[in-house]
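For clarity, chains are labelled A, B, C and D in written order, and residue numbers in each chain start from 1.
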Amino acid sequence: MAGGGNGFFSWKELTSPVSGEKVYELFIGPQHPASGHMRFIVRLDGDIIVDVEPDIGYVHRTMEKLSEGREYIKNIPLFERATIIDSNNITLGYVKALEKLLGVEPPPRAKYLRTILSEMNRIQSHLYGMGIAGIMLNHSTMFMWCFGDREIWIQLAEELTGARLTHSYSIPGGVRRDLPADFKERFEKAARYMERRLKDYDKIFFSNPMIRSRYEGVGVLDKDTAKRLGVVGPNLRASGVRYDARLLGDYGAYDELDFEVPTREEGDSLARLLQRVEEIKVSLSVIRQALEKLPEGPILADEYFKKLPPKLREKVLKTGRVKFPAIFATLRPPPGEAIARVEMARGEVFFHVVSDGSPKPYRVRVITPSFRNLVLLRYLPRGCRFMDLLAIYGSVDYFPPEADR
Amino acid sequence: MWLELIIRLLLSPYIFAPLIYPGLVTALAILLTLIWLERKFAAKVQLRYGPLYVAKQIGGAPQLLADAIRFMFQEVIVPRNADKVPFLLAPVLAMSLGILPIVFIPVAPGFAGILINFSLPAALALSALMPITIILMAWSANNKFTIHGGVREAFITIAYEIALFVSALSMSMLYSSLSLQDIVEKQALVPGILLNPLAALTFFVAMLMSAGKLPFDIAEGEQEIVAGPYTEYTGILYGLVMGAGYVQLYVSSLIFTELFLGGWHPLFEALGELYPPLGGIALFLKTYLVLAFAVFLRCVYGRYRIDHALRIGWRRLIPLSILALLLSLGLRFVGVVV
Amino acid sequence: MSLLSSFLEHLEAIGTGLKYLFFSKRMTVRYPEVVIELRPGYRGMIRWHKERCICCSMCARICPAAAIRMYRIPGEKKMRPGINYQRCIFCGFCVDICPTDALECTTTHDVAFEKLEDMVYPPDKFDREWVSPALEEGARKLKVEFDEEWGLKHVPE
Amino acid sequence: MSLNDIKAKLEGLAENITESHAGFILVEVSPECLKEAANILVSTGFDHVSCVEGIDKPGDGVIEVTYYAESYDEDKRGVIIGLRVKVPRDNPTVPSLIDVWPSAFYPERETWDLVGVRFEGHPELKRLLMPPDWEGPPPLRKDFKVKEEGIVVGGGR
């Protein structure tokens, strides 16, 4: 029952109502120690889950509608708030689509800087997810360690962008800040620390037989079902599908960097968590390479940089902090539509921006990875034990605000 | 004259043992310091400070006192659908039953609240009553989460109890006595843990299960069932049920120390002449060490799934404890212990 | 065999816990007593320099949260910006678009308000220095250093 | 997978095939042909949809419903195919494609919730993001207005 197995999948079966004398209905959330901003309607037969209905929307902000009422540039901080722990990646999707509409290409250095920040976001977002997964099993040490070590990446991001989480770093045609002079050296120390800590994580959490017994073989997602359900991110790769929007190479500097996308075959909860650990290691190596190869040059596209008054241009070159040209307040892309896909920490984010030539978008469609992974919360826990629900929830790394938008 | 009488009365084992040491006062002191220590340990491992601002100079040690006062004055809410009498009675019962086994536990030769030759089974039997009160809480609160927790508690109880009793029995077999006092006396030179480490391991794990401490806080299961049987409790009643678990852990640790760690040896030889419970200081320190280790495990473990815990109980602990029993038999046969 | 190896893994986990119990350094920063000195470039509270402002209203136009808005000043022809910190999201767009650097991000971020109304800064109040209340109370300043062994180190200046 | 391949595959079904930009192919079909076209795409290897979108166009009196099909295969992953149908605004009904693409389940439910498009055959068309007692126009229709404040305090622009 658990995790399908034969690749057959039918929504009819999954949505058919379960009831009867033996069924015990529990409402997990929205006011519950572990539910997050959502509710699970769990139906149990003894200790076995027969049905889970995730009820989302508790942090829905109708971002797509709000975005229609604002000028293009104002939507960058708006969409950032869907996932503030992974903010550069989600804004990058929007900025990428906007750049396609505007026909602007960021300079190479800006691409590298975006990549560096994206990967730092990925690391800290994975740490966040692992920490939450830890506390779902009442492993408070994992929770505290992950959240403590996240601080390092937030600190680095703050030094780069000026804000801990809500970076608003990528703008059409470039980025807002240049790299601080001592960034490379500070990053190297942080990276070495992180690599060492990952070994301790392994000893106290991932290799701990107690934790393994909670995760191993629980919530198995096989390759075919993962593909059919349109799952993205580490959850997909832990089931053996080598898919990553970074491999498309159409954003950031990923086409010039050498990195391996790790995959796992098991597809169970442990695989999903270990997948994140591997991805942290990959991200560290990507940032290292990006810092190594970082080209010199401007960080804002020339067509916008030229529009600045000469005095400001000098200042930008001196301080490394971009000033916006006045045109940014009323960007008018030509009518048309563009899509963009960016690999966030939790998977691929999809943006579709429609322009009708006015300074406000006609329609912005955003599908976040958590929303696409939502189906897992419905599919995986079936047939598992009640306590597995939270092991699975933790391993899927579902982030309600991101899904609700 | 009166004063002397009162002092003599106070110092007599029948008053001193249940009231002061190892009884109520010590239990309360342990309760207050142990929870603080647990939080401090967790904080240190997790690279933070833990309770601090209640009294910064002594690391926030009176934190639990502050918490207790807060519990005391918090409103006690009784849910409308709850069965009121058992709901209110169960926490009190849990605390009393938790602390009751102490009267059988000697802290020095001949120094116990009730001195009998069957102190080991008597103490274990009394502490085995505790789960019933937890199930009573769960049932009377009439809430889906509490009932789920109560069922879990019932499952867990039968899984650990056999192992707990058999491993204790293996020690009494080794020393051919059911009296804790005799068992301790025979460990004057070699503590029991060296002779039968297997029994010590099974007893310790079963003890963690009985007290519902990590990794076996399954009945409480905060992440799944809010607080299990304790979900509906507030104020001082919650304080009682939370304390009951720690008291139970204290009692089991006392028994563990007497069975495996040589009880009041070696300090008793030096101080016992003066006043017997002074020798019990060694017992106290050892017990505290056991307690500290038990609560330290919170930093290392999460929570086992219920079927895993049951499997550990039935498939691992029970066979291992029977093996420990055989080991004891073998040791007796060889004549290691007279 | 698997029993033994799992026993060893248990021991390793406990050992790691003990290692951190005895040999570890806390990462907490005890905030009101010490304050982390933020690096220049941090996007904190926004300061307006009245004398540099040319009243172009670009800041109000780009503000994504409608926190900066233009105020009509009685007796003056031009409108001047004021900010509402109930709404401000500290994106710094206003600062970046200001052509004359009349707006500036300070590194003060820990300001507290007693009333919601206090968070509205019309032009006459907007031109002011920001002081961290912790520093005013005499907190020590710490600098963040990176460290291979403990991640972040907070060293006094 | 190029534009011409798709054109060849969907010969006769599609009303219009355009490539908006590299890697983004828009295929317009009639609602009757939607399922057939989707089946062809699945057999071509576009095994999941990332998104279902409804765009309200009151000017044309239609709602455009688009399924964005993606593939995990290495040679096709650079391409997104948008399968677009136009349905009348006053009765927007589209056959549900969850049997073809199980991954369309939640996006379809969301589109029903926020744009008000009915997906025939969808077993669970109930509120997903909006509150269960929500009434009134679907929020992503253009006649649902969000009031935005002007940039001047005490008066319009």
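Everything that follows uses one rule, which is that a residue touches a chain if its C-beta (ideal position, glycine included) is under 8 Å from a C-beta of that chain, and two chains touch if they have at least 3 such contacts.
Since the model is a prediction, treat every value here as computed from it, not as a measurement.
The chains that touch both chain A and chain B are C.
Of the two chain pairs considered here, A-C and C-D, the higher C-beta contact count falls to A-C. Remark: chain B and chain D have CA centroids separated by 62 Å (rounded to whole angstrom). Centre-to-centre separation between chain A and chain C, using Cα means, comes to 24 Å. Between chain C and chain D, the centres computed from C-alpha atoms are 41 Å apart. Work out the mean CA point of chain B and of chain C, and you get 48 Å between them.
Across the assembly, chain C contributes residues 13, 16-17, 20, 27, 61, 63 that each touch 2 or more other chains. Touching of two or more other chains is recorded for residues 148 of chain D.
Across the assembly, chain A contributes residues 70, 141, 148, 204, 208, 210 that each touch 2 or more other chains.
In this structure, the chains touch in the following pairs: A-B, A-C, A-D, B-C, C-D.
Residue ranges of chain B in contact with chain C, taken from their complex: 41, 43-49, 296-297, 299-301, 316. The touching residues of chain A, counted against chain B in their complex, run 24, 26, 28, 32-34, 47, 134-142, 144-145, 148, 204, 208, 210-211, 213-214, 385-391. Residues of chain C that touch chain A in their complex: 6, 9-10, 12-13, 15-17, 20, 27, 38-39, 41-43, 56, 58, 61-65, 89-93, 96-99, 101, 105, 144, 146-152. Residues of chain C that touch chain D in their complex: 57, 60-61, 63, 66, 69-72, 79, 82, 122.
Those residues of chain D that touch chain C in the complex are listed here as 148-155.
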